[in-house]
Structure formats: structure tokens, C-alpha cells
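Take a look at the structures listed below.
What follows is subunit A paired twice: with subunit B in the first complex and subunit C in the second.
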Partner chain A sequence: MLKELFNILVFPGLLFLFIFGMAIEFVDRKLCARLQNRIGPPWYQPLADFIKLLGKEDVVPQESDVAVFKLGPVFALAAAATAFLYIPLWNKQALFSFSGDIIVVFYLLTIPTLVFFLGGWYSRSVFSMIGAVRTLTQFFAYEVPLFMCILSSSLLANTWSLSEMTVFYLAHPWCWLFTLPGFFIALIALLGKLEKVPFDIPEAETEIVAGAFTEYGGRFLAFLRTVLNMEMVVGSSLLAAVFLPFGFVHNAALSFMIFIAKILFITALIAVAHSVVARLRLNQMVSLCWRVFAPLAFLQVLISLVIKGFLVMR
Partner chain B sequence: MAIIKKIINWGRIKSPWVLHFNTGACNACDIEIIASLTPRYDLERFGVLLKGTPRHADILLCSGPVTKQVECRLLRIYEQMAEPKFVIAVGSCASSGGVFGCCYNVEGGIDTVIPVSIYIPGCPVNPQALIDGLVKLLASLEGPSPCMKDSKARDDLPIGKP
Partner chain C sequence: MGYNHRGIEKACEEKTYIQGLYLIERVCGICSHAHSTCFVQAVEEIAGLEVPRRAKYIRTIIGEMERVNSHLLWLGVAGHEIGFDTLLMYTWRDREIVMDLLALVTGNRVNYGINTIGGVRRDIEPEQIKAIVKGMDKLEERTKYYIDLARKESTMLERLSNVGKLSKEDAIRLSTVGPTGRASGVDRDTRRDDPYAAYDEIKFNVITDDHCDVYGRTLVRLKELMESYNIVRQGLKQLPEGPITVKAPRKIPAGEALGRYEAPRGEDVHYVKSNGTEMPDRVKIRAPTLANVQAVAHMLEDGYLADLPIVIAAIDPCFSCTDRMIQLKNPLTRTKKTVAWEDLRLKGIEWYAKKGVDFSRLNRKLENCLG
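This part shows the complex of A and B:
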């Protein structure tokens, strides 16, 4: 009981996720700065931002729905942190798992997006409403390729549980190479989920102030930023668990290092992506996702099915 | 309690987010503000991020004299910022009205409307001067007498004034 509580709240649960998320935010910002030939923020920058936001006045707009406005960030935080518990990190086995947990992780990862929508909508400011609607529109675009790619991998493994998937890929090494195209599609879709630059349409600060977050400030903004950081860690560890299932060795420290390396690799890809491209328009993004990435994801599913047929015949 | 205050103050010094508002400048000061945010001068070294909304910002960078038309907008933006907030007057115009000082449509410097923490002279300001002013403001937060002006009581701000 006590051990489980420790696992959930401290390591590898909430506290670890919080600190790791900040570290990832720093790596992301620093890499981006270096790519632009800048010096970039110091290592404590995300922590300083967090503390500063906690110390600021909380402004709740008079028109807004106070309950949604205040409770939303907490719900989003809880959902992102819960999803993390079902993902195999450096052990073959996730902290908790049952058959079908992949669906639960999908649902839990959807909740923060929904909270951004609700928070933006109920702040009752024009900019945040536009941002909220854009969040939802974008959500319908990237969700299909993302989930299709992850499902193609689980089809190959013939299971609905992330932990069992890892066991399968360990038993059939190099099978993950066949889902590698899916990894890149899912990575691009993840950029949409994280609202990072080619897809930062919902919070495009040059057009609609700050999108759904326009009215948020102080503590609530600190929570929302933490949620985004956590989503980044959860999303990239989901991709790492599904598409890069290797390096689960017996030495715990070594496999922990391999896990960190995988996450850093994905973060680096994301940082490169959002420092070399510019923002798309919403209609461009939707048509890109539906016309290009969704068919490619279907192709990935087909490839997985064919490979699975070979495996069964053998 | 004191230690918590210290930690929050540390966060405040290390993470000043700015909002840029043109109150009627000739645009030269604005270009210099943008220049100091770009890779050449890289204000993110000090944790500065340019924010789009007053709710996220700690520091209001005002450039230009306050024209009669922009006065109530300036007040409104200032009011929308969450405490603690600071105002930097960027450029000679923002500090005193400058060359536009006696125009028929100009109120004067920023401090005729809202309390200002730091004045940065220059026409237009140099990015180095802007960075220097910012660092001085942040340094003053460490000391015993921070450049923190009391914002006026909310009721006597002439928000509805035409």
C-alpha cells in the first residue's frame, strides 16, 4: 500500500513527472535557442517560471464560469499524470496494467485537450473562444493518424495492453523496425497534441493573443504549463514504449539511462521540428492530417497486418 | 515565511515576461524592442519571454507618448495585468512626451497615466540600453527598495473616460 502510494505520488509518478517535465521543457527551449544561434535560458528557467506564476495574483474574469475555469487545470494535471502510470518506462511492466490499458491512455490523454477547450470557452473572451474552437478542430485532425499509428503497432503485437506489447517486441526483436514509418507520423501528430510550432494554431500569439489561455494567469497558468510539460513527457514516453521498444536490460540504472536517452531523442526531434518550420493555417493543417497522414497511417496498419500474417505462418 | 517570500522573489527576478504595447510611438522604439528579443541580443538569457496577453505578463514595455486616443486602452491593459506588475517607459517619448510632447493630441509621458518603474531614454533606445534598464529593474527587486510603484486604487482609475 505504502509502496504503491510512493510509486504514484513520488517515483515514477507525479513528482518525477513534474521534475522531468521541467527538465524536458528546458532541453526543448535550450535546443531551440541553440538552433537559432542564441544562448538560451539558464537551466533553472522552467522552475523560476513556475514559482513566479505561483506568486502572482489570480485573476478570474467576472464573466467566466468560475468552477470550470478553476478546476479545469487540476483535472488536466490529474489525467496526464494518471496516463503516465500505464506506460512501460524502463521496466517491461508498467506500474499498472490490464488488457485494454492502451484505450485508457488514449482517453486520459484526451482530457487535457478537452480542458483547454472548456477553459478557453468558459473564459468568455473572444480570443480564448477562437482559440478553444481551434483546439477542438485541430484535435479532430491529428487524433486519427496518431491513434492509428499506435494501433498498428498494437495490431502487430496482437494485444491491447502496452506492457504486453513491450513483452512481444522483446520476444520478436527488430519487429519494431516495421512500424518505424508510423513513429514519424505519430511524432508529427504529437506536435499537434502539444500545440508546438507547425501546429500551434490554437495559441497563435501573433493572431489571437494566447488562444485558449488568454484569460489564464497566476496559479492556473502555472498548472496549465505543467500539464503541457507533462503531456510532452507522457506523449514521448508513449511513443518510446510503442515504437522504440528496446533496451529493457536487467540492470535497472542502465535501462533508466536508455529510457532517458529515448525521451531526449524524441524531444530533440520536436525541438528541431519547431525551430525550422513556420506555423500552418488551420485549413492547411486539417487537410494535411486527413489527406496525407491518415492514409499513410492506414498504410502502416496494412504493413502491420501483412507482417503479422508472416509471423503467424512461421 | 521569509524564506518563501525570498523564493518567490527569486522566481520573479529570474522570469520577467514582457508585454509590448505601442502607445503612439513612431515605430522606431518598437523595432528596437523587437531587435532586443531576436537572436542578436537574446533577452531569453534573462528569462524574458514576449507574451501576447496582459494576464501572462509581468512587465509592460510602453513605447511612445500617450495619445488621447490610446489613454484608456493603456489603462485597460495595465489593469488587466496581474500583480505584481512593472512598467518600463521605453524611449524619450515614453519618458516625457519627447518631440511629441506639446502636440494637441498627446497627453505626455507614460507616467501621466500609469505609474512607471523605469525610464529608458534614447530616440530610439538602443537594445543595449533596453537590456541595461531591464537588468537594473530586476536588480532593484533584490535590494531593499524595489522599483515597485503602488498601482492606484482601482476605483479612481478613469477607465470609462472617453
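This part shows the complex of A and C:
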């Protein structure tokens, strides 16, 4: 019991996720800055931002729905942290797992997006409401390719559990190479989930201030930013577990290092992706996701099915 | 319209021509040289001053370097408006080169203060020429990269093409000026059509484009950068020897004149009326943004909300140039009130008085001085 509580709250649960999220935010910001020919922030900047925000006054708009406005960030934080527990990180076995946990992880990862929508909508400010609607519209565009890509991997492994999937890929090494195209599609879709350029449409600062986050400040904003950091870690851990299932060695420390390297690799890809392009318009983004990425993801599903057929025949 | 109205035109009527020149230079932060040259040309025309050729060349060189500064700034802003912050960081880094050169030649990074009535205040030294040529070479190389980027980067093309359409007929009807008009195929450039300073002795092309959208405006500005580098090089090569200024009288004879200048944002017009004293009777500034801003409403028709920032930014608006009046709106009582010159003056005195600064003694001294 005590061990499980420790696992959930400290390592590899909430506290680890919080610290790791900040570290990843720093890596992302620093890399982006270097790519843009800037110096970038010092290593403690995310923590300093967090502490500063905690010390700020909490302003809740007069017309907003106070309960949704205040509770939203907490729900989002809890959902992101829970999703993390079901993903195999550096062990073959995730902390908790059961058949169908892929769906649960996906469901839990949807909650922060929903919170951004609700928080923005109930802020009752024009910018927030437009941002909220954009969040939801974008959600319907990127979620399909993202889910189809992950589905292709689970189809190949013939399981609905992330941990069993890892076991399958360890038994069939190099099989993950066949889902590599799916990895890149999922990575781009993840940019949409994390609201980063070119898909930072819901919080486009030159158009709608900060979108759904416009009215948030102080502690609530600090929590929302933490949620985004956690989403980044959880999202890239999910991609690492599904598409890069290797490096689970017996030495725990080495295995941990490999996990960190995988996450850093994905973070680096994300940083490069969002510093070399411009922001798309919402209609361009939706048509790109439905006309290009969704068919490509479908193709990935077909590839997986064919490979699975070969495996079964053998 | 904005929050930048400072009553500069009116203030000029209570200042001498030289004082007014420095005030006019502060109409705009980016095209300060454009405004001061435009004003000074009008005053020189009334006074009948023949400006030395070397001064004309120096004005041209500074003017073109200012255009480089302004266009690079615009490119960065445009990048930022479409969420391409890397472009902003790159162009603003390169802009430092030209700003440093301007500081080397004039002593200031903005508001160069090089013009004076009858010429320029500082000469260009041979070492400075070398530095400028070197800087221009480097910038030319960078600009070629940006042109390549604008033509190939797909997300940028997606965001800029077919946005903020303005046909040639509309561009003429709405009297757009500068790159905004030229991107719609309006072949107008004051530098060629009504040469001032040394432009009649320098070869350059007027860039036009027929895309008629934000993409066209980007291309025009980028290609104009290349022309500017050539103009600066030519100017430095042909720089004639001689004095840089002629003595100007303190009192300008009665008369009126119109100064025209092709500022980076378009044609700038200054009207000056003198009455034979040390101070002008009337100064009227028509900054390029005032001519272009009417077209924005037309460009925004049937557009997306997401394109609003880039369409407005594409005319390279300068609201401190354009602000005409101050209107105070009270949202509670829904009343509007226009602020007159006298109110503005009183408000200024009160504001400083609250901060503990008292100008009344200084004012009395000034009045004594002027008799």
C-alpha cells in the first residue's frame, strides 16, 4: 500500500512527472532558442516561472463560472498524471495495466483538452471563447490520425494493453520498424495536442491574445502550464512506448537512461518542428489532418494488418 | 484612432524651424529620416537654398539604410504575425548590422538627427564607407536567403498567398502608396517620378508585383532591399567632394511648399507654410500609413479572423505617424469628448506637476528669452 502510494505520488508518479515536465520544458525552450539564434533561458527558468505565478494574485472574471474556472486546472492535472501511470516507461510492465488501458490513456489525455475548452468557454471573454472553440475544432482534426497510428501498432501486437504491447515488441524485435511512418504522423498530431506551432491556433498570440488561457492568471495559470508540460511528457512517453519499444534491459539505471534519451529525442524533434514553420490557419490545419494525415494513418493501419497476416502465417 | 497623438503639427507652430525639425524627426521611430528630410526639403524650397551635392548624397545613403532597417523590421513583424518567430529572430538579428552602421555614421540607432536646414550635420569618413560596404554585402547575402525562404517555405506561402487581396483598380481608387500599391501593380515611386536628394543621378529599378496579396507585398519589400543595397553602394562610390551644408537664415521668408519623399512605407508628404518669422505658420504631415490605412478595410472583406493581423501588418502601418486626434470615451456614460490642443497642454502640465516636475520657471525664462 505504502509502496503504491509512493509510486503514484512521488516516483514515477506526480512529483517525478512535475520535475521531468519542467526539465522537458527547459530543453524545448532552450533548443528552440538556439535554433532561433537566441541564447535561451537558464535551466531554472521553468521553476522560476512556476514560483512567480504562484505568488501572483488570482483574478477570476466576474462573469465566469467560478467552479469550472477554478476546478478545471486541477482535473486536467489529475488526468494527465493518471495517464502516466499506465504507460510502460523503462520497465516492460507499466505501474498499472489491464486489457484496454490504451483506450483509458487516450481518454485521460483528452480531459486536459476538454478542460481548456470548458475553462476558455466559461471565462466569458471573446478571446477565450474563440480560443476554446478553436481548441475543440482542432481536437477533432488531430485526434483521428493520432489514434489510428497508435491503433496500428496495437493491431500488430494484437492487444489492447500498452504493457502487453511492449512485451510483444520485445519478443518480435525490429517489428516496430514497420510502424515508423506512423510514429512521424503521430508526432505531428501530438504537436496539435500540445498546441505548438504550426498548430498553436487555439492560443495564437497575435490573433486572440492567449486563446482559452487569456483570463487565467496566478495559480491557475501555473497549473495549466504544468498540465501542458505533463502532457508533453505523457505524450512523448506514449509515443516512445508504442513506436520505440526497445532498450528495456535488466540494468534498471541503464534502462532509465535509455528512456530519458528517447524522450529527449522526441522533444528535440518537436522543438525543431515548431521552430521551422509558420502557424497554419484553422481551416488549413483541419483539411491537412483529414485529407493528408488521416489517409496516411489509415495506410499505416493497412501495413500493420498485412504484416500481422505474415506473422500469423509463420 | 490610437494612443499616440501628440499634437506635433500644432507644436511646430510654436517652435523655430530648427526646433521643429527635431520634433518632426520624432513623428515616427522607424522612418525618422524620411520625415525630417521631407520637412527640410519643403523649408529649403521656401528659403531658396541650394543644398550641396555631397549633402544630397549623404541624405540618400542614410535614407536607403533607413529603408533597409524598416523593411527588415517589417519582415520580422510579418513573421511574428503568422507565428513564424524564427524568422523574426533572424531578421532582427540582421537588422542589428544596419542599425550599427547607422549609429557609426550618424551617432544614433534611431532618430539619426543628421539633417539640418541647408544640408547635413555629419560627414561620412572613408573608414565608414568601408564598413558600410562590408555590411551591405553581408545583408545582401542574408536577403537572398530570405527571398529564397519566402518563395519555398510552404507554411509561409499558405499563410501569405491569396490573403488581403487588393486589385490594381482598387489600389489606385483607394490611393495606396509605397510597397502596398506597388505589390498591386501600381508603378509609382517618388524617387523616380519626382527625384529629390541624389536620386536623379543614381540608377535603380522600381519594384512592382502583380500578386496583389500579402505575398506580393512581401516580395516587393524583399526585392526593394536588394535595390537599396545597390543604391547605397552607388551613392558611396559617386560621393562628390565639397561642403556638406550651406548657411541657412534664421527667419524663413513667407511662402509655402510641399515636400515629397518616398519613405519605406510609401510616399510621405509635408506641407509647410511660412510667414517670414522664425516659426512656421502651418505644418501638415501626411504620413504614408494615412494613405494606406483606408485600403485595409477593403482587404479584410471576406477574410478570416486569423488573417486579420497579417493583413493589417502588410501595409506596414505606423500609428504614431497616423494619429490625428484624441477622443476620450467614457464607457459608463457613453459620452465622447475630443481633446483640443489647450486641454492636451494643461493635461501635460498637470501630469508633470503630479510627478513633482514644474515647468513654470523654465517657461518664464523661455518667454523672457524670446522677448
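By our rule, the second predicted complex is superposed on the first by the 314 of 314 C-alpha atoms of A that agree within 3 Å, B and C clash if a C-alpha of one lies under 4 Å from a C-alpha of the other, contacts with A are read in each partner's own complex, and residues count from 1 in each chain.
By definition in this document, a contact is a pair of C-beta atoms (placed from the backbone, for glycine too) under 8 Å apart; a residue touches a chain by one contact, two chains touch by 3 or more.
In this text the structure is predicted, and so the values were computed from the model without any measurement.
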Which of subunit B and subunit C A:280 touches, first, second, both or neither: second
Partner chain in contact with A:217 - subunit B first, subunit C second, else both or neither: first
Touched partner set for A:169, first subunit B, second subunit C, both or neither: neither
First, second, both or neither for A:45, with subunit B first and subunit C second: first
Touching partner for A:121 - first (subunit B), second (subunit C), both, neither: neither
Touched partner set for A:55, first subunit B, second subunit C, both or neither: first
Which superposed partner A:130 touches (first subunit B, second subunit C, both, neither): second
Residues of subunit A touched, compared between subunit B and subunit C (which is higher): B
Subunit B versus subunit C as contact partner of A:206, first or second or both or neither: both
Footprint overlap on subunit A, comparing subunit B with subunit C: 36-38, 206
Footprint of subunit B on subunit A - complex, ascending: 29, 33, 36-42, 44-45, 47-52, 54-59, 127, 205-206, 209-210, 213-218, 221
Residue ranges of subunit C touching subunit A (in the complex, touch as defined): 79-87, 89-90, 93, 153, 155-156, 158-159, 304-309
For the subunit A and subunit C complex, residues of the former touching the latter: 35-38, 130, 197-198, 200-201, 204, 206-208, 275-284
Partner subunit A, residues of subunit B touching it in the complex: 7-8, 10-12, 14-15, 39, 42, 44-45, 47, 50-53, 55-56, 58, 80, 82-84
